[in-house]
Structure formats: C-alpha cells, structure tokens
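This is the structure I want to talk about, given as structure tokens.
Chain lettering (A, B, C and D) follows the sequence in which the chains are written, and residue indices restart at 1 in each chain.
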Amino acid sequence: MKYVDNRAEGVKIAYIGGGSRGWAWNLMSDLAMCEDMSGDVYLYDIDFEAAQHNEIIGNMYNGLEGAKSQWNYHAAKTAQEAMTGANFVVISILPGTFDEMESDVHTPEKYGIYQSVGDTSGPGGIVRAMRTIPMFEEIAGYVKQYCPDAWVINYTNPMTLCVKALYQAFPEIKAFGCCHEVFGTQKVLCTALKEFCDIEVADRSLIRVNPVGVNHFTWLTKATYLDQDLFPVYAKFAEEYAETGYTKNLDTNWMNNCFVCSQKVKLDLFRKYGWIAAAGDRHLAEFVDGSRYLKNPETVRAWGFGLTTVAFRKEDLKKRLTKSQQLMSGERELKLVPSGEEGVAQMRAILGIGGPLVTNVNIPNRGQTPNLPMGAVVETNAVFRDNEVTPVMSGEIPGEILPLISRISIEQEGISEAIANRDLDAIFEIFANDPLVTCSYDDAKKLFKEMVMNTAKYLTSYDLSKL
Amino acid sequence: MKYVDNRAEGVKIAYIGGGSRGWAWNLMSDLAMCEDMSGDVYLYDIDFEAAQHNEIIGNMYNGLEGAKSQWNYHAAKTAQEAMTGANFVVISILPGTFDEMESDVHTPEKYGIYQSVGDTSGPGGIVRAMRTIPMFEEIAGYVKQYCPDAWVINYTNPMTLCVKALYQAFPEIKAFGCCHEVFGTQKVLCTALKEFCDIEVADRSLIRVNPVGVNHFTWLTKATYLDQDLFPVYAKFAEEYAETGYTKNLDTNWMNNCFVCSQKVKLDLFRKYGWIAAAGDRHLAEFVDGSRYLKNPETVRAWGFGLTTVAFRKEDLKKRLTKSQQLMSGERELKLVPSGEEGVAQMRAILGIGGPLVTNVNIPNRGQTPNLPMGAVVETNAVFRDNEVTPVMSGEIPGEILPLISRISIEQEGISEAIANRDLDAIFEIFANDPLVTCSYDDAKKLFKEMVMNTAKYLTSYDLSKL
Amino acid sequence: MKYVDNRAEGVKIAYIGGGSRGWAWNLMSDLAMCEDMSGDVYLYDIDFEAAQHNEIIGNMYNGLEGAKSQWNYHAAKTAQEAMTGANFVVISILPGTFDEMESDVHTPEKYGIYQSVGDTSGPGGIVRAMRTIPMFEEIAGYVKQYCPDAWVINYTNPMTLCVKALYQAFPEIKAFGCCHEVFGTQKVLCTALKEFCDIEVADRSLIRVNPVGVNHFTWLTKATYLDQDLFPVYAKFAEEYAETGYTKNLDTNWMNNCFVCSQKVKLDLFRKYGWIAAAGDRHLAEFVDGSRYLKNPETVRAWGFGLTTVAFRKEDLKKRLTKSQQLMSGERELKLVPSGEEGVAQMRAILGIGGPLVTNVNIPNRGQTPNLPMGAVVETNAVFRDNEVTPVMSGEIPGEILPLISRISIEQEGISEAIANRDLDAIFEIFANDPLVTCSYDDAKKLFKEMVMNTAKYLTSYDLSKL
Amino acid sequence: MKYVDNRAEGVKIAYIGGGSRGWAWNLMSDLAMCEDMSGDVYLYDIDFEAAQHNEIIGNMYNGLEGAKSQWNYHAAKTAQEAMTGANFVVISILPGTFDEMESDVHTPEKYGIYQSVGDTSGPGGIVRAMRTIPMFEEIAGYVKQYCPDAWVINYTNPMTLCVKALYQAFPEIKAFGCCHEVFGTQKVLCTALKEFCDIEVADRSLIRVNPVGVNHFTWLTKATYLDQDLFPVYAKFAEEYAETGYTKNLDTNWMNNCFVCSQKVKLDLFRKYGWIAAAGDRHLAEFVDGSRYLKNPETVRAWGFGLTTVAFRKEDLKKRLTKSQQLMSGERELKLVPSGEEGVAQMRAILGIGGPLVTNVNIPNRGQTPNLPMGAVVETNAVFRDNEVTPVMSGEIPGEILPLISRISIEQEGISEAIANRDLDAIFEIFANDPLVTCSYDDAKKLFKEMVMNTAKYLTSYDLSKL
C-alpha cells in the first residue's frame, strides 16, 4: 500500500467468508464508489466455489458506470494466500450451516423458549458461540502469523464473543466489531424529529449519539442533533406510538424486509427505564427475561415484531443463490448502491484519508465504560483515524439500566472463558442462568444436551462424552 | 462507661424493638454470662407493654445462679430516653405486623411465586424494605441526634437494605449488620469433618472462612480448619448427600426448629458452581431464578426444605407470648444458655476487652470486595477491636458466582436508591426484574399494586395515588 | 442563536478579559475568517477602557477585505451584561498585574530558584493560583447564574487549576481548557519528517498524537502521520540534535519570538524516558527537579532556552499598548491572519458545523487516563461535536514517566483543595514539596511568606495573619 | 508437622541467612519460650561455618531453664536440604558484605548526599536492591521447587522490593515482610499516654493502629487505646517535644543502642501533615527531599538523630562475632529474653494456635490501600490465622500525605520492574529522580556508575559494560 496524491493505492483486503451473498456485495459496491482507495480483495471461503463466483461478480463492478476506483478480486485457496500482508481483514462468516442455526433457534421452542434471532444471546447465541469461537481463535492465529499489523473488522455474530475471542487468542490484534443496529435507532430519531419538529435530517449519522452497553443490547445515554437534545422529542414519539407501534416508512433493505419491527419494544423500554434502547426490537427482546416480550408467539405478535424462522432464512438463501447466478450471467443488472454500512468509511479513516470518523464500535473495555468489567467487549463510540481506533469515554451506565446490561456483560465474560476452556459444565451453568432460559433447570439440561448434540459436527474441539 | 480492672462498667445499651420475645432474651442471657461488662439496657418498643415485660424478665436474670454481671433493664418511653449517650444501639424490629408479612409472603403465590422466607429479596423482601427503610432512616436520625458515637448493631431484615439505609441517612454512623447464617454453614463443615475425617471441632467458630457476597446470599471462597483446606472434605460431603440430603443432627434451637433444611440446595449449588453457599437453604433458594428451587410446593419439598408459612409464625408468636407470661410469673424457669449469637462478643471486642475478634459482618463496601459496587452493603469478615470494625479484604468474587451475586447487589443498590426517593416506578421496575418474579410483566404490575395496597398502612411516606 | 442554511447566526460570545491585547485580537481575526458563524462578542474586563478599545478594533474587522462573517463587538460594563444567555464564555485574564507576576517569577531567585515561566507550577505557579482560583470561583458563579448552558473556554494559567476551580464551584459547568503547546510539538514532528523522510506535511494538525499528562507537562504516547509511526523519526531527530539543539526555522509569532527554545530539554527527556514531551522547553523544565535544567542561569543557557523576565513582559505590554492605539487610529493596518489557535474551530464543532474535531483539551479525568486521579484535570484528546466535548481514552501513562506526572497531578489535586479551603498551611506544605523548591525548608517558609505578602492585595480572601 | 493436643509438633523452619548473629538468636530465644510448637530449624548460610556456630548455639537453648519447647538446629549445606518440606522459610540475609554497604552509604557523601540508614531507599537502597533482588528471585525459585506451600517471612531490606521480587518470581508464593518500626511508634504512643494521661499500657501491641504506606515510610491514620483516640494525646506530645526532642527512656536493645533518635523528625512530620509517621526518624528522613532533614551532618544533628556509619556496623559485627564465640564456649551466658519481634507469634497464628493475630505486614496491594498501585507491596494490618494472612482494609491514604507516599510507591514499582529487567538505564532514571538525589543530573550519573562499579562483584547478572 502506498499513498499517491492523497489516495491509498494497493490496499489489500482479505475477506474471510468471501463467498457471502449479501455482505460481500455490499462491500463491493461501497468500494467501487470510493474514489480515494484502490487495491485487491482476496475472497476466502470454505465454499471455494462461492468465492469464485464472488470473484467474478466483484470484478464486474470495475466496469460499472460510476465506479470510481479499481479493485481486483481474487478467490483465495488458503487463508495464507488471502491474508499475507493484508491491510484489512474482514470477517463475515456463517458458523456452520442453516441446519445448525435451525437447531439453535427452534429446538428451545420445545421447552417454551422463543427466540426472535437466536444468534447473539439466549440458548441459540450460546451454542452458536460454542462453534464460532474456535473458528475465531483459528483466524486470530492466522492474523498473528500472516498479517499482524492488519486491522480486523468483524461482522459475525455473536459479535461480542467473537471480538473477545480474537483478543484472547492474539492480544496485540487490532480488531473491532461493526454493527448497524445503532444506525437503525438513529433513523428512528430522524423520523421523530421530522414528525414532531418538522426537521429533515440529511443523514442518520448526523444524529450524534452516545451508545453504551454490549452489541445488540446497546443503549443511548445522549442523542443530539446540532444543539438540540433529542430525548424530549423521543419522549413525545414514545407517548404517541408506544401502544400502537410505528409502522410508517419501514425500511425495506434486503436485510430487513422480513425483519420488520414496529418499535414497540424499544418504546416500552424507554418508558420503563428512561433511556433509549438502540437495536432492533428483535434483538432487544432477547436480553430481558424471556417472559416479557418472548413468552409465546402471541406475545411476540402483540409487541409488533416477528420471530425470524430459519425456514425463512433458508428460503432467502435460495433467492440469493439465484441472484448470484443472475448477477454473474448478466441476467440481473449490477448496481452501485450505498449499503448504509460503514466498513469502507472506517477503512478510509484508518488509512488517514478524509479526516477522523467518530462512530460506534465493539472493542475491549479499557475503561471507556467504567462500570462494566475491564476487558469485556463493549459497544461505545471510538475515533477512527490514521492507524488508530481509540475508544471515546462513554461515561458510566445509568443506574436504571445497569443491572440489565451488567448481568449480560458478566455472563458474556463467563461464557467466553468457559468456551476458551472448552468447559461444558461451566458453559451449561451460564446457559441455565440466561434470561431467556425460563424453563426448569432439568429441562435446561436436556435442552442444552440436545442443542449440543444437534450441532456436534462443529464442536469437535469439545469432549462431548462429558455431557 | 468506664474501665475498671479490665472490665467495662456502666455500658449503656439501647435496644430498639426491645419488646422482642426471642432475640431480646438471647441478648439478656449472653449479657448475664459475660463477666467483664456491666451496665444498663434500655428497651424501646412501639409496644411499650412488651418492653415492660422484658424489663421484668431482664432484671430477673441478675438473680440467676451463674450470672456473672449485673445489668439493669429499663423500658423506655422514648427513643431519646433509650438512646441518649448509649454505647451500643441494637436494632431488632418487626416492620409492621405478621399481617403485613402474610401479604409479603403469600400474595405472590396467587401468581405462582413461592417464597421460602420472603423477608430479604423477591417480592416479599422488596415490599418489606419499602416499609422498613423509612423506619431505619428515622432511627439513623435518632442516632445522629442522641448518640452519634454509638455502635449500631442491626439484626432486622432485609439486612443489606437496612444497613444501607442507616449509612445513607447518617454517613458517619458506626453501624453493622449481624447474621448467624454463616455460622450454620460452619456447623455443616464441622459435621463433614467429623463424618469424613473423624475430627471433632470444639466450636464452629474455629472453622475459618472467607465469606463474600451479600447477606443471605453469602458464599465461602475459603474454609480452613487449622492447616486443612476444607473444600475437599465438603466435596465428599456433597457427593454423599447431594441426592438424599443430610438430615442427621438437625439443629433444634427455637429459631430453627421449624426451619429445617436438608442442605440439598446448598450442595446442589456447590456441585454447580464449585463454591460453598453459606446460608440456610430457605434463603439461598430465593436468590436464584424462581423456577429452580421454588417453582411450586412440590419442587420445594423435593429439594428438602420448607416454605415457612406466616400462619406458623403467628402460631409461634402466641407460644412466645405465653412463654413471656410464664417467665415473668416464674411458672417457667429462666435459664442461662449461650444463644450462639455473637452480639455480646462483638461488643466486648469493640470495647477492647479480650482481644480482637474476626467474624463476618454486613457493612458498606470500601473495596473489601473489589468486584461488587463500592458503597453497596456486602458481607465479609471484619476485625472487631478497640472502637473499630474494619473490613478484611475478601478478594474478588470468583467468576463462577459473580453474575449471580453481582446481579443481586446491583439490584439492591437500585432498590435502595428508589426507596430513598420514594419512587414507586423505579421500585416496580426492579421488582419486576427480580429473579423470583417469574410471572408476566403485567401480572407483576398487578401483584406489586396488590402487595403495596395490602400494606399501605405502613407506607404513608409514599404517594400511593401514583400506583 | 439559530441555524440558517448550515450557518449559526446570532452566536453570543462573552470574553472575560476582553481588554486583552493579544489573545483577543487572535480571536477577532479567526472569527472574521469563519464563514459559517456570526453574532456578538461581549468584551468584559476590569479595565473597561481596554475593552472599549477592543470594541473599536473588533468592529473594524468587519470591514476588512476577506472578512467572511459579521461580528458585533460590545464593551460590557458588567459580567451580567456580557454573559447573560451567552453560547460561549472565553476566559483569558491576567490575575493581578505584571507587578505580581514579577514577584512570582523573580522573588524565588533570591533563594537560588529560577523559573523559566513561573505561571503554572513551582513557587510562581502556586502563588499565582492563590490569586487566580478565587477569581475563577467567581466566574463559575456567574456562569451558573447567567448562562448555565454556555460552553466555557479557558486560556488562563495555571490552566489545570483554573479549570478545576470552575468544576469545583459549579460541577455542571461545560468548561474546558485550551493550550497550543502540543501544537508546537506537532510542528517539531513535521520538521523531523521533512528533514529525515523528506515528507512535507500540509498542516501540523495532520500529525495525529495521543497526549497524556497535565497541561504544560504533556507527553505523547503515540504520534502518527497517515500510517507511519513517528517515534523512529523522532528518535533520529533526537540523535542528531540532542547535543546541539535545533535552531533552524524558529517560530517568530508574536507570542513566541522571545520565547525561543532549541528543543534540547525535550530531546533530553525523550532520550531518558523514551516518550515525547509535548510542551515548550521553558514549561517542561519547570516540572522536574529544579537542579536539572534550572539550576542557575548558566545551566539554562546551556540547555538552550531562556528565562522569560517580567521586565521583558512589561516592555512587550507597552509595545502592545502602542499597537492598540495604532490599530484604532488606522495608523497600523489590521490584517486577517489565522492565529494558529483552535478556539474558533472548537466553537464550530460544538455548534455542529463542519464535522467532529478531535484535539487535545484539559478537562476533569472521568477515566480517560486511568492511572491519574479521578477528577483531576488532565490533558488528553477529546471529541468536539454537536453540544459535546467528550474525552477520548488516552490509555495508561507508561511506567517510565508515570512517577513524574503522577507526582504533579497529585500535588495539583492537593493545592486545588488547599486553595479552595484558603488553608495557608496546607498550601505551604505543597509549595515546600514542589520539585522546583530546592532551597531549605526554612528558606521555603521565608520565601512563601514573602511572595504572599508581595501579592497580598490580590489575596484578600485569605487570613494572612495566620502566616 | 502434626497437631498433638493443640500443639504443633514437627514444625520445620528453614532459616536463609542462618549464620546471622542477631536476628537468628532472637528467633532461637522466642522459639524456646513458645510452649505450643516444636520441631527443627535448618540454618542455611553462604557462610557455612557461621551456620554451624548457630547450630551449636541454637541447640544450647534447649537446655536452658525456662525453655518450654524442643527445637533441633541443623546447619544445612544446601538450600534444598534446608527448604524441602519446610513449613516456614525465614529470610534474613546481608546482600554482600559491609564493604558493599560502605559504598552504598558513604559514596554519595562525596556529592553532598547523606543517608541515615542507606538500605531502603535513596542511592544506597537502590544499589542494595540491585544486588538483593537477584538473590530473592533465586530464593523464590527454591520455594517453588522445594516447599511451595511454605509461608515465607522476610526481614531483609529493602523490604518492599524484596517481597515484591518474591511475588514476581513465584506469584503463588505465600510470603510477607515483617518489620518492627511500627512497634517503636506504638511505644512512643505508650510514652505519651503515660506522660499526659497517666495511663500505663501493659504492652505496646495494645495500642491499636491503622498503618498505611510503604515499609519504613509507614503512617498511622488511626491510633486507639481501648475507646480512646490517641491523636489528641500525640498532639500534646508533639507540642511539648517537637522543639527539644524526647530523650527520656531511650530503648537500648542491641539493635537500637546506637540508633538513637529523639523523635524530632516524627513530630515535625506530624505537625506539618497531621498524621503520625510510624518508623524511626532515621528511616523517615530518607523518604522526603534530602535537603529537609539530611542536608548535611549539622542538619542531621539538629534534628536529633544520627547517621549510622558503616564503620560502626563493622565494629559492631566484630563484637557480635566475639559474642558468638563466647556463647558457644559458655563464657557468656545464654538467656531467654523476648525479642520484641513477632515472627514466632505470627507462626503460631498461621498454624491456628492461640487465636487470630492482627498486626502490620508488607504484602502486595490487592486493594487494601485503594489509592496506591495495585500489586505494589504496601504495609497495612493483616489477619494472621489458620494458614492465611489476609490484608485488612487500610482505607484511602489521606490527601495530606498521599503525594509523599504515592511518589515512593510508584518509584518502587518502577525500580522493581527495571531491576527485574536488569535495565541499567531505567534504574538510573529512577535513581536520579529519588528524593535524596539532590546533586546535579550529571553528578548523579557519575555517582551511580561509581556505586555500581564498587559493588560489581555482586552485580554479575547485569551487563555493566552498558554503564
């Protein structure tokens, strides 16, 4: 990589999970529209063919009208090839297949446990972590070996535990986790500003927020637009829509079209605790006691959100496979559309191009949130600029929500250590104490065993005979 | 008070709740058997007649054979009379009557919530705190006014919140809370030593322990007898009795005879988490998710302990009233029996008599337990000696049990602040998130309202119209 | 104030010390060149005539070619007039006159104590703080009364103690302290980059640094240009110039022309401790033992910097008075020149104009520097944006320099409390332990008394009879 | 070791430095007078003959009238022989000979630096640490190998750094450092009580104190006798004797007879800071700026204490050699005299005999002193009982003395790391910043080099060519 006239040329990006039919295309589009960087993207995937397809699609972007930079895509056969000398490593993988996810999400239903996402916390999140963390330990090893100075950007869930695993395996790693859930809440605030103050905000990022907590259970303790405090505006919004939900102008981006929510959970949490919960309702619901928002499908419906079925995800995957074929064949037109993600903006800022960027990020707590455990991965703002991502002080989490968040963060610290030690007993104890595990202890034991055995193919580093 | 030949003469003790028919007699007996202190005990009680009865009984102790010191008992008409110039203030009160306790304990059963004690945590503990804390604020005011240098010893539940209230109302107060639950666990360890090593321990206090946590949810991170680590011994004990429970030599002291437990909860917790839970099973069960040990009466029975009914307590009170009459009339013989409590030993140590005492105590966290909130009331060892009670470092709470304890301690901090502010909304939010509140959020709301209205007579400092 | 087309109109700035003949003109020039703000500047000064002169000069800026915004200047008779409803309060005052400063700087010379600045630490800084802090307590009171939501920007020394006094007197204040010393070190790094790598940096602010420590004794633990770590470059620079000093291209800005240094102290500190000291040598020298760089005038000369005499300052003031007259009369031409200060850029960022700004600032430690005392005023980076100035985590201060910095910070905390209490004994004890006070304890006592009595006119809130 | 009728039999003590002619005899006498322990003492010394002499003398104690227990003494040829299976390891060594100490203490005098002891801090303490710490690293290795469960009691100076080195080399070690300096201050308090209140205290240990700080620079933040606060009494004492010194009833124990002080330093520090400095004046003087109490021999004399010359120590050693001969030959009578040290009392308490002991000790900071660095060795009270030595919370160090103590503790942390790394540059930087090093930086460099070369024989693990 070198700088030429304020542009970074020869940037090398390694994309782990490079066969992805979603996130990868987002990145391709954003890169093509970025005028001050160019280079190579190495796509590494256990499904090599998928990577090859993306190599084809990726290279097609260079020819599009409006493409401002040249990126050469390469399907890589080995992690070594993809990562050696990389400036950035992007990780966006599916740990296992949707069959494993099906078990994560739906097995607990037998015991009356419903999950709206099932990839972050709760039974699904914990078992998913069991197969994901060993993969991240391996990836961290590659980073150490092949590109110790690279910046590593993770999109994979469970976010907190994945980022923690990278730092545990290679403490000097320069890694962070990105998530767009806070962006969605910024959009809700834009909506409220429009509706109650008739103010049109040019971009959600102009809503300045102070996020605290852990990924997908993030809360805002400040929200400002220019000199205006947005809490009173949001309070009006809550008063108006807490009962009915807000269903106008729902986002219909590919990732969200079936993941619609009416913000009722978010507004309910605001009215109870006085602070703004900043993730989609489907995520938020999974961090409080299961009986509150996820008691049964009727309760979920009444709260105005949906349980994402894995059947849906499988169906959606088929559509995206088709889309991939169509893109490659030219049957379907490739378009340059900003994804709304910040990955490319973060890369630019890290390369020192275009000024500092202040945005939310998931990194270990060095004190930015003084009342969560030191070392736990937390979500706060950070400054991105020339070769640094430095946390901004979030301040203390307010007392109203501290017990909720602290409980989760301490449990994540525990689960992280238990999985690092491959200690099934310790994992189970935390599993059984998760807020979503509302069944009896004995049932929890049966459930855990069943979920583990369902996904045993991806749990070879554990001694399952001890179960 | 003055020192004469290594004896403390003229010690003044104010007993708040001095009409008590139980704890007060314990104290009388222990004082009579203490040879190096003498003085006056002022009994203050809203039931003045009960205090007068205890004045009579107390003075009878002086004539007993074996009494080693003279104590003059006085029923006091005012707190001022009782407390002015006191060296010690003992607080042992019933906040309200057993009718209120009946509501605390049994109203939640309508919603499927069973409580084995109902005076510390859970719905019962929280509502009890709502009427107790204002009383403690008042007592702290008296201490500040009438005897700011006195040592204040609390026996009332909810212990943690009562002690916290004293310090909040009068930060310079020299107060601590005493509880015998850890002693019971030391006795269990004696039993295990006898059974598996044939070692007879002269007194439970010779089992050296390191307690951490909060009152009634206290855990031991060390247990030693001379140079022997007792964890392996306890592990054997757990292996032998976890399934069946241990039912030999049950304690039949008046306070415990109907409060029998078979240690199954305690042993279950040990097997799960690897650390020794150090309170009676009835208390321990109330700090983990309600579905684990308290799901329904059958579950409770299967875990080998009992739900203390308030009907029983009312019946028991009648017996103690009769006993009081019989003691006064001489129909029933007064006896000098060591109570097993440590109050008098603590007073001696604080007066500088007989050397330092190291024992467990409930005081605000000044750092003795670094991973619980600073200022929260925690239970650890402390050194009692000449005019000081200084906490001993407990060390960090181990990761296995930190989430369980931390959750409780953060909630107690929250409830303490919410009650200090008489903020019904804030109280309810914590109520609804308590581990025992396994019903739905809406039901929790109904339950809270019902419990509050049942006990409204004692909640006059709250604006109940806001409910 | 209101926003019109991304411009802030009607901004009200109160300038305390508005008769200033230096800093005030800087601000006027920078404001005139700022195209997206306009409004009023109220000049408040105990020398009302000076403020009136600046009113005239300030308003002349509006007519200059190249002026991009309109600012109306007003000499204010009262703090109330200047501050009521202000959006910003700028404080740049001289506490007392140069006569007092003469005593601060030169009295200690009798005892063999030489000070190169004498306004921050050492005997001069402490006695200056004694008269400054009461003034800042008063200003904080005005802010609370007249403009509690205003942002308060301090330029007055001793910076750390002034900012601390504001927060002590009005804890909700939104105040911060600005200082250009770090900028000077960024310029040195530019020089080194040019000299050893032939890289031309467009602006010193593009050198990204991580400052830690306290004002005027700030250190850089990171310095980066794009992706390049500047420590190796600085090491070469140090090797080359540590002995001889670097004297090319000395800055000749009005503030610095007689304050020349050859960077020998800075390079010496780097070679000893391995971290980059980031203030002018004249300041740095005052924070280490007096015998090192300030033993006597010969030592100072050998280290390549100068002792600023107050005689010089008085002479300089005369020149600036003349300049003021000439500017008003038109005899001397007013010019629009960027001052190099960041005040206006900070205001813009706080108003939400032109994106976030990340720069160094002096504010209370909320944890941004975990190994300095919480609450002590520290210098680190912060994010300036829509109505917020939030500290960025600086990380822990490295062990090599922690004792040096920590000693100063703890002493500042002590002096701050001692002055708040007007406790002459406590002030003296810290005075006597300051690194510059190399004379005997008895001499220190005499010196302290002499310095206090010399400046007694400004110390009316102390009971000097106790001295 | 086994327990027989509440006695510990077969206790094995390894004495490193067992040829000692002072501390060793103290221990022998105290052991002989202890009725509830018996066993073997292995004397290990690089001077094997000295150990053999002590073997003879030690065994003679068993025959003395009044000896209550049997201890068999053995001169050990190897550390392995001495330490294998030991219950206690006592370390009391002279690092190098008095020739090295002569350099430590007297070389700095050439540069105007006077040291009253020279074994703890200042130039002498630092260079002594350079040769001592490698020895302690070696001893910690032996403990790990031969007796990992043993309790290790250190008497060697520099105490803080020696104990730190043990924990750094073997983190699981159960080590602590003992020092009698606080006892001396308790005696001063007894004197004051006698003189101003006519109260006779039976034993100095009945004065209850709360020590904070680091060894030899320890301060009392509380001092109580029974219910009496001793600060007002001490204030009277200070008022009476600060000017003249207190010279009645000076202790004439062998260790102190030439180490007389008149308490003027201690009383001066009390009057300045309001807290009781709790070490001998000779030690205290070495922790504040050299110009205060140690400027030159006249200043020292004026403060009423003496500079201990190494010539005196050499002379004294000769006397003790003669004494050793006389004791062995019977020419001089062996006597059972309590040494005033607490080593044997501590061993009893650790073995669980005779109840808990609360006394001051030097161990790593686990939070007992929250405002000194975690992990730094600090002096506070601790509870000694069955197989545990647990720190008591000292509370925060008061603001008046925090800068003084904190500076020392941070420097000790630095020196400890620098020596562990054998980093001469880092050691020198701290050396040059020590409060006693009042000479110029260049002279400090010369001095350091000279002191190191003088003692090079014992510094073989450093690369002295780098000097």
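Definition applied: contacts are C-beta pairs under 8 Å (C-beta built on N, C-alpha and C of every residue); 3 or more make two chains touch, one makes a residue touch a chain.
Source: prediction; values computed, not measured.
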{"item": "Chain D and chain B - chains in contact with each", "value": "none"}
{"item": "Geometric centre distance via CA averages, chain D-chain C, whole Å", "value": "46"}
{"item": "Averaged-CA centre spacing for the pair chain D and chain A, given as whole angstrom", "value": "57"}
{"item": "Overlap residues in chain D, where contacts from two or more other chains coincide", "value": "none"}
{"item": "Contact graph of the chains (line, ring, star, complete, other)", "value": "ring"}
{"item": "All chain pairs that touch each other", "value": "A-B, A-C, B-D, C-D"}
{"item": "Chain C-touching residues of chain A, taken from the complex the two chains share", "value": "1, 3, 206, 208, 210, 222, 224-227, 229, 351-352, 355-356, 358, 366-368, 370, 381, 383, 385-388, 390-393, 395"}
{"item": "Chain D partner contacts - residues on chain C that touch it in the complex", "value": "272-273, 288-289, 291-292, 295, 371, 373, 399-400, 402-404, 406-407, 410-411, 413-414, 417, 426, 429-430, 433, 438-441"}
